[in-house]
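Letters A, B, C and D mark the chains in the order given here, with residues in each chain numbered from 1 onward.
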Amino acid sequence: MVDPVHHLIGLTPPITVALAFALPLLSLIVKSRRFAEVYGVSATAIAAILTAIAFYYVYLVKSPVVYTFGAWPPPVGIVYEVDKFNGLLGLVVGVVFLLVAVYSIEYLKHRSGIEWYYTLLIGMEAGMLGVLYTGDVFNLFVMLEVTSVTAYGLVAFYRSRKESIEAALKYAIVGSVATTIYFIALAIIYGSYATLNMAQIAFKTMSKVDYFFYLIGGDRLWITYTPMIAVGGAAALALALWAFSVKAAIFPNHFWLPDAHPAAPSPISAILSGLLVKVGVYAIARFLYTLFHAAQPEVLVDSALKYVVEATLYALIVLGALSALIAGILMVAQSDIKRLIAYSTIMHIGYIAMGLGLATKLGLEAAIYHTINHAVAKALLFLAAGAFIHVVGTRNIDELSGVGRLMPITTLTFIIAAFSLVGLPPFNGFVSKYLLYMAFIEKGWAPLTAIIVISSSFALIAYVKIIYGVWLKAPVKELKGIKDPSPIITIPLLILAFACVFLGIASPYILDKVITPSVVDLAYNPLNYVSEALKILTQALGG
Amino acid sequence: MVLNEVLSIIVNAFVIPGLIFIAITTWLTQWFYRKIYARMQNRIGPRFIGPRGILQPIADFLKLLFKEDITTIVAREKEPIIMLSLAVGSLIALLSMLPISPYPLYAENDIILAIYLTLWPPIALILLGFMAPNPFTAIGTSRYMTLLIVCEPIWLLSILVPVVLTTRTGIAPAYSLFSASMNVASLWSNPLAVIPLILALYSIILAFQCKLMLRPFDIPEAETEIVAGPFTEYSGPKLAFITLLHDVEIVVYSLLIVWLFLGGPAPFTLTSIQGILTLIVKYLVIVFLVTWIKASTARLRIEQAVVFMIKYVLPVSIIAIILATIIPI
Amino acid sequence: MDEVILRFLWIYTWFVLIATIGLGLYGIAVKPNMLKKIISLTILGDTANVFMIYVGYRAVYPIKPPVLWTMNPSKEVLENFASQITDPVPPALVITAIVINMAITILITFLAIQAYRLYGTLDSRKISKLRG
Amino acid sequence: MNVLIVMIKLTVIMILVALSLYSTYIYVRKHRGIIKAKYKFQPYGCGEELTREQVSVGSRGLYWSVVSKVFNKLYMILREKIHTGVLGDWFSLMIIFLVVIVIVLIALSLIGVFG
């Protein structure tokens, strides 16, 4: 008997998809703007509640939770497997989407096509939750495509603006090349391991057992263990990680990001920067640490795969460092407020990549905590910048001068977010950066901390540039009638600002209770992840 | 228990190394500094107030503090003081992590915390420059930020050197400012460990000059060129607070160098008379060194300064930290 | 002899597939026209699909379609069936991928049309308002 | 002691000190009247009159002059050669990267298998 909570958890993405597609149909009947807004907010609220249930369940009751669609056991059917790592990220996604949906009501109140906007927004949430919760590499591909298509659509939301169409076109081409490459990687994975289930791949990379799953296929697919499988694994890892590094915007695959993120409406920029790139990070982490056991290479059955995984980790550190430096240098030169913040995203993804590349417990904690902190702080930064843009109607920092004096709440939240991302104590960004520093020092790579310091000081300068432009600079023209936007905008800002402070102050508790278990689930407990999925199969086969 | 915690925080914040201690040290240090700076320039220095002019710094500070507070129409009124107070507070918090405090706060891996605390004063100064818009403040502040980009990594790497070295000798708590300061003195007897320590000392003193905008790095507040850089618009109590922050920075960073690199009162303990005297002598040596560099050099241009730091200081600090991680202990 | 020819054809097809993937990537990277980029993208996507199909194909005769005719097969029938059929999973994946590719191609083509309306050109070197 | 608890304590110390200094300032301010003289509140301009527009430096000019002087070459390479905004240029870099990692990883795995 399946626990009913399992149904709720497993069905979260499908429910959200259904909610997304119902909206255009319903809006044919109810031709009211208010209806679309209320529908959008309630749909994201439902998703947020579901993710919160999943989070609560995996942390306090049982982890991981395996949900089989249509009760088909793992190698045949699609499986959703939620452990503490993706349950945590799912909660962040749910909460940020809810806040963004509320914020969008006010931000887009003068635009038409609001029902399409909310359709795409909820669709993107569904795709993102699917990518996070899925336990099947092909389903990950499908959900990645759902997320990407909605993202391309939302970047092109202002379809009469040159820059949004240009950015969306470039983003769409780059992104679809990436997903196609990932599809090729899937072919190689299927050819090498004869399964698409994550738990089974994780099992096959660490055991020589001639596993009884190969019910289907001829002699070529009756794969007994041979060392040559490692070559297929290496090729698949290379292609898949390339594809994910496009989604995560790690140098040199970051070019689309500074174009695409500013071109979208500000709430969408918040989601793209705060959450969408994290989907790429999540996939990288899942592939490296759960499927290929990068944190404990000694459990890998192929010595060849060990080399491959270690080379990948070094590559992640080098590329992360390059991303951070290049983004920092280019960030200072921007005069468009949202483009500047978009470059900062590349920088922070660089930090996260470095943390992932360290493959120590501290490094992984830093990476995961930074993923969450950056999601919160960057969403806040984009939303606050969006409030300025909403009120004044320009993205140029010089033209925004002096606005901040008349909008104290927005300015305060903006400064909190900026300081958090620069990493000043006691905000949350400091804690994760601190963990990253210590991870480097602990591993004996102390000189590399200089990269974080240099890029952080570039970031400090860039944020001070905005703070100067928006708040401290004397107004160039007479500002009349400008004040803080309505509570629909400011309340999400304040909630996120509170989260920034809370995640910093309560960090000892959060690290202990939330982050460390998720690291253990991600990287140090592969048998648990595998056995949960296999239990279902054994039950299905009758014991 | 709770009372003890509260007491430790109060003592740290207000007595030692809090406001009282820092006020006295800053006053005496500024007098010493002005006196020897004047001597190097063939002047006499403070003379009239108190014996040998020893009360002059206090008189200057009080005079500025009770002057009229002028804020131009485009400037911010109270935010500069908030930023400056926070910066001074961060420096005192830094001192309370050193063994000089009776209730030192330390833990494993607290070194990054210390480094981040030293980030507050630059941020305060940057925002200060921008809070009073003026072409001069803008130019000065942008120069200051350019300097910071190159001097922050040097600062970090040099501070890490003694910490990494002491941690490698197996002293707990690891990577802590406190344990490093307590145990660095024993490293000076190890000929291999001395090399990275000297290299790091060299680079941290130059980074110190750079962070504090002392000559040859006084480019941001270049007098006669851009009036007073970030501080052009400030007068009265705000200027008093700015000078206070500057002097507290000199005191705190000198104490940090004395403890972290020279081992504080070593070879004696802090509770003995000799120990306190040794600490004072070492402290005065560092202040003298900084003043000497300031008095004997001329101002660089901004790109010269950046190139100098990148070419001659940053590689040294990188070599120091690499040596510190690889040499056998 | 048959064996040799079969092996040659097998390897040749793999080579052609990899070359076509390279061609698709080349087209996306080098051709300046957006439309040609989109065509290269579809070439890449279709090659990936064929690649996937090939992974599920077997060069061992006899081959049967993966359709089981008896309702309650015995163990021997099942084993015999499993040793003769092509793998049904890759075609299932490819069907999904084709649908997704179609959706993406439509979206990108729409974006290209819109870009042509706004910029008056499809030359990707000229559609570069955003830079730096 | 946990380092994050130390962080919170240090923050408390910092805020206590800051509050006491700030209240000093407020006290001093209270006991000192302000003389309203118009010229005093104009931004300082070395004897020149500064208008509202001249007071603030544009944020672009502010940084660009310094940064372009010091890191000129780096910026030229980054902005003119790499971040050109042309799709083809990006793709050539991305595909070079793809080919490199595929070749390197497959070579490594082959070394692992046969070596």
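Quick notes on this one:
As a convention for this text, contacts are C-beta pairs under 8 Å (C-beta built on N, C-alpha and C of every residue); 3 or more make two chains touch, one makes a residue touch a chain.
In this text, all values refer to a predicted model and were calculated from it rather than measured experimentally.
Simply put, of A-B and A-D, more C-beta pairs touch at A-D.
Chain A and chain B have Cα centroids lying 40 Å from one another. Centroids built from CA atoms put chain C at 63 Å from chain B.
With centres defined as mean CA coordinates, chain D is found 24 Å away from chain A. With centres set at the average Cα position, the gap from chain C to chain D is 45 Å. Listed for chain B are residues 74, 109, 113, 117, 120, 133, 145, each touching two or more other chains.
Counting partner chains per residue, chain D shows two or more touched chains at residues 2-3, 5, 7, 10-11, 52, 55-56, 62-63, 67, 79, 83, 85, 87, 91, 98.
Residue numbers of chain A whose C-beta contacts span two or more other chains: 173, 177, 181, 258-259, 330, 333, 425, 430, 434, 461, 468, 473-474.
Judged by the touch criterion defined above, the protein chains form a pattern that is neither an open path, a ring nor a star, and not fully connected either.
Chain contact summary for the complex, chain A toward chain D: residues 170, 173-174, 177, 181, 227-228, 230-231, 233-235, 237-239, 241-242, 246, 252-253, 255-256, 258-259, 302-308, 311-312, 315, 326, 329-330, 332-333, 335, 397-398, 401, 425-426, 430-431, 434, 461, 465, 468-469, 473-476, 505, 507-508, 511. Remark: chain C residues 21, 25, 28, 34, 37-38, 41, 44-45, 48-49, 51-52, 55-56, 58-60, 66, 82-90, 93, 96-97, 100-101, 103-104, 107-108, 111-112, 114-115, 118-119, 127-130, 132 touch chain A in the complex. On the chain A side of its complex with chain C, the touching residues are 138, 141-142, 145, 148-149, 152-153, 156, 159-160, 162-163, 165-169, 172-173, 176-177, 179-181, 183-184, 186-188, 190-191, 196, 215-221, 258-259, 263, 330, 333-334.
Of all residues in chain D, those touching chain A in their complex are 2-5, 7-8, 10-11, 52-53, 55-56, 58-60, 62-64, 67, 71, 74-75, 78-79, 83, 85, 87, 90-91, 93-94, 97-98, 101-102, 104-106, 108-113.
On the side of chain D, the complex with chain B involves touching residues 1-3, 5-7, 9-22, 25, 28-29, 31-32, 34-35, 40-46, 50, 52, 54-57, 62-63, 65-67, 69-70.
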